[in-house]
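Each remark here refers to the structure printed beneath this line.
For reference, chains read A, B, C and D in written order, and residue numbers begin at 1 within each chain.
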């Protein structure tokens, strides 16, 4: 079994610069729960990135960021429009339903992206007391299928949201990969397009732990402080999250890490595409490659190297690249695939 | 304002040995969510400490450990008997009520400890559909007042619980300090006394983040896996929690850190006790000193050094010692107190 | 606008025999919350109908019966397999998600019925902590589309449930109509087929208010008492629910009422079927007729008589018959339809 | 065992005029869920009573009214200030905690009444993320101890609430008894004093089932429609609740029923007071008499007539009078008490 994985960008190490930031933060006493100099610095970094109206709330992980961030605007009789493959719908063990109480309203998708035209039909539930009332649209950027929304789509969806008294939430566990793919700054593909609440990922892009909720509406910021605490997401030794984020997003590290992973995904996709019998399932736009493989070959390949099935019925596997993946890893995987697909 | 604090053991740094363990864990790819070699090692460490029946679930923080651990045995119509000063009742922003749904049933306490005799009267609610049904007793060890339950009391409470079809939960955010105070091993003051679910603290005793839920009943272990995930408490890069706990509890580090803090608490208490006008409010048995100070002096002292009021009406302040507190810190605090109390 | 409706069987009056039972129960003092002679009698009636193991819990309405009944066996990390048109999924404003916390796992349906083969694929989520764990299958009998499960299907689904450590819930808001359609006794199409929890409807079949939860597993009965109270579903003057159910189900009234409604549905369907341009959308097996009408005609007909759209995209309307519908009502509706469809 | 009870005003029958109203409403088809003529009439009655800004939402029972009414203004991180004997705290099996998610913050009381001075100290939790944030004060009128708030106290508490961005909720399960006691109209002791949300009782004052939530803030009304449906409290055959309330509150029936019960309470208290060894525990101001009896006599009396212990430690029993209690009932009870207390 190979010691190098394509299972998830969560299999990766912590970037050395992040480790250094953790060491640097490990000096002296600091007031707990965020009133420390490292959090102050991280706050400045985030305001530079996302604008003066932006407020940031650090939490422990992505599920926490999604749940707590949306809870700030949702009541239990509300609904969240998301895709049928969204992480909040498929991979959080029903956290949104239990902790927010809201119903998820999934729409079909062919490549991970929601179409703006899918939203309005769901608003026919509005005003009918028997139905959950749509209040949030949640997009994942980059999507769970490794695709990326262009900015026009996000802007259009944001407009639909705001015109209909809804909020736009973005699950940005891989927002850095999306920004690199679009050649854009983080602020330009989120708040400036109309995103109201962003789950901003760090762990999948070189951090040890921690994610950030960014909100652009001051009326949401007050409640989130309490909801985060109640939601078991307020770190006591906060400086050790803040220091990571100040380094990751206060320098170009986020961009370099994501660019590296995206480039390797392109390289892997190109090589797999050349193997007869292998088909690339979705456009490769971020750091994931989704490939349709011959059914019999999949388990043979999995015997040699670790990755996940994405769609068992369609024989599509998911191959994730991370900041610490190497071209050697890619070549090794390609060789194993080539061996079993022939 | 002093750069050294007595606000909380959360103000402390991370112990160098923990930092080293984090660095050591930062190599190669690892399967996310706990199927890695560091978690395997931590599991072995915990079974050595707590016995073969014990299962451990790492989570992010103390509120998470308390909520997720108790959620495994509670339904919403159940109640939790705890003290009126317990962390779950006072300092978790209603997390238990919202996320478990259960009612907390607080009992009065003079020094943080619940008396075994306080439990039975609450069981008169049993069988009456209008009342929440007591199902868990939750003790904090060491208590929020810096006192420690002796083993006979815990054993007696455990017996009452089990005889009445209830579970005993222990909030052990400072269990290491209690073990040192009692001169006992961790297993001897928890599972072996009848504790069913333990929130075992690391962050307040030298770790960076992470706490552990230990359960001694196999029937609880299956559900907890899902509840932890749903509860936003499943770390993807789990190895970085596991490595900390394997180091902290796989060596004598937990004991040394706690012993140091406890000793400094004794030293501080002795010196404060000698100052006329200062009164030690509760027996100093762990790493906290609760002192009654002259009303006017409190804010003057707080202007120079950071700590929290415990009981504003009674002029009692809370002074917490940690593994990285020093005798110089203690002397500096005593000098400041002495200056303002005269 | 016609004063007679086809909007819902909820538009109907209360059957005179039920009104009489309410009057009869209105004498003397009675202990509240169910310890009265009428509830005792209703319990006997239910044991006669459903067997000695059956326990009954009266609640206020159908949403209450569904939520409280399922809550007795569900934890928040569980999932409920249901159809995409099920009342619990579409018409209870997210009650299951908010009050139970569980995720609903809807499957596609062409006529309201779930196929046994649709269940097993969802069990691939078993054991994966990121996914809600299927624990209940919920069938509606008669379905929301006016069709009826045959007993073999229910038995087969029950077997799948029990083999896989799941419970079978039946939303029987119109179970009387189903029993009549199948020519069966109520016990023979529920508990004896393997149903574990039944929401038994009264309001749609001649009662004023109230539904019943019937469970066939003693281990569920203890918790339900508390869950019902907490769930705002425990009536203080319980005798006035019990008296209705003792009359409705202690005589043949349930059967007569349902038979009348079913027969009128057949009569209506036959007449509509004869109108060119009208198509019966689903088999008419209970007391609802679902008809596809010419798009332009629908709003014209709705201007004259009250009923609901079922599927706006497919131009399918829902026409419900109740115990107090008459052949004159049917003829009047048919005449209006005929007028506008030509 | 006597067939006449003093256990609860819930043991009573339904007033004949209410039965008549139910019969009258039982004609023709009516649109479900409240769009019917009886509900329209009840709405008019309530606007006459409570003013034009008042909106009414009928629900099934008192727990439903309390939970749904407060849920409209509460988030899970909020707290509700109530008394330690309040129904929401003691007798709803933790419904508020589970369904709203909010923490209850009970204050001590000697006679069921909260003092205005008890509120401000709890507001020290404001702004501290570790503590539930007080957002609602809930008073019970008449109180669970049979006492009544004078209007000045309610007005003062309302002012404290509004000055501190909180809402005033009134649990008015026995508001009619309070109004009679105060010689006031219902609107004058609720909305006009600053009550924001009222649970208005009907079942304890002659109705069969149903309670009403009255709100005086239009911003609360929109959400309540959905919360009521999700909360399993939306009656399909709504006309049968509305017709009861239109009769009870559209005539003087509410006043007559309450006056009768209050007068009998006075009569009972006077007679008990004359028995040596019996002590009236709280001022008798509504329809309940709380009496301290000789310990040994209590169970002997309970063997003959049905009522509840209120405070077992203090030997205080609760004796409730209702619209259908009679002077003969009172005399019979007094004779039994006299027999055993000597």
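Brief remarks follow.
Here is the rule we use: a contact is a pair of C-beta atoms (placed from the backbone, for glycine too) under 8 Å apart; a residue touches a chain by one contact, two chains touch by 3 or more.
Only a predicted model underlies this, so the values are computations on that prediction, with no experimental measurement involved.
Taking the mean of C-alpha positions as each chain's centre, the chain lying farthest from the centre of chain C is B. More inter-chain C-beta contacts link the pair A-C than the other of A-C and B-C. The distance from the centre of chain A to the centre of chain C, each centre being the mean of the chain's C-alpha atoms, comes to 41 Å. Chain A and chain B have centres, each the mean of its CA atoms, that are 33 Å apart.
For the pair chain B and chain C, the distance between mean C-alpha positions equals 49 Å.
Residue positions 33, 76-77, 92-94, 98, 129-130, 226, 229-230, 234 of chain B are each in touch with at least two other chains. Considering their complex, residues 33, 75-77, 129-130, 133, 223, 225-230, 234 of chain B touch chain C.
Interface residues of chain C facing chain A in the complex, by the touch rule stated above, are 76-77, 79, 90-94, 97-98, 101-103, 124, 129-132, 312.
Listing the residues of chain D that touch chain C in their complex gives 3-5, 7-8, 10-14, 19, 22-23, 26-33, 59-64, 67-68, 92-95, 98-99, 203-204, 208-209, 226, 229-237, 240, 306, 324.
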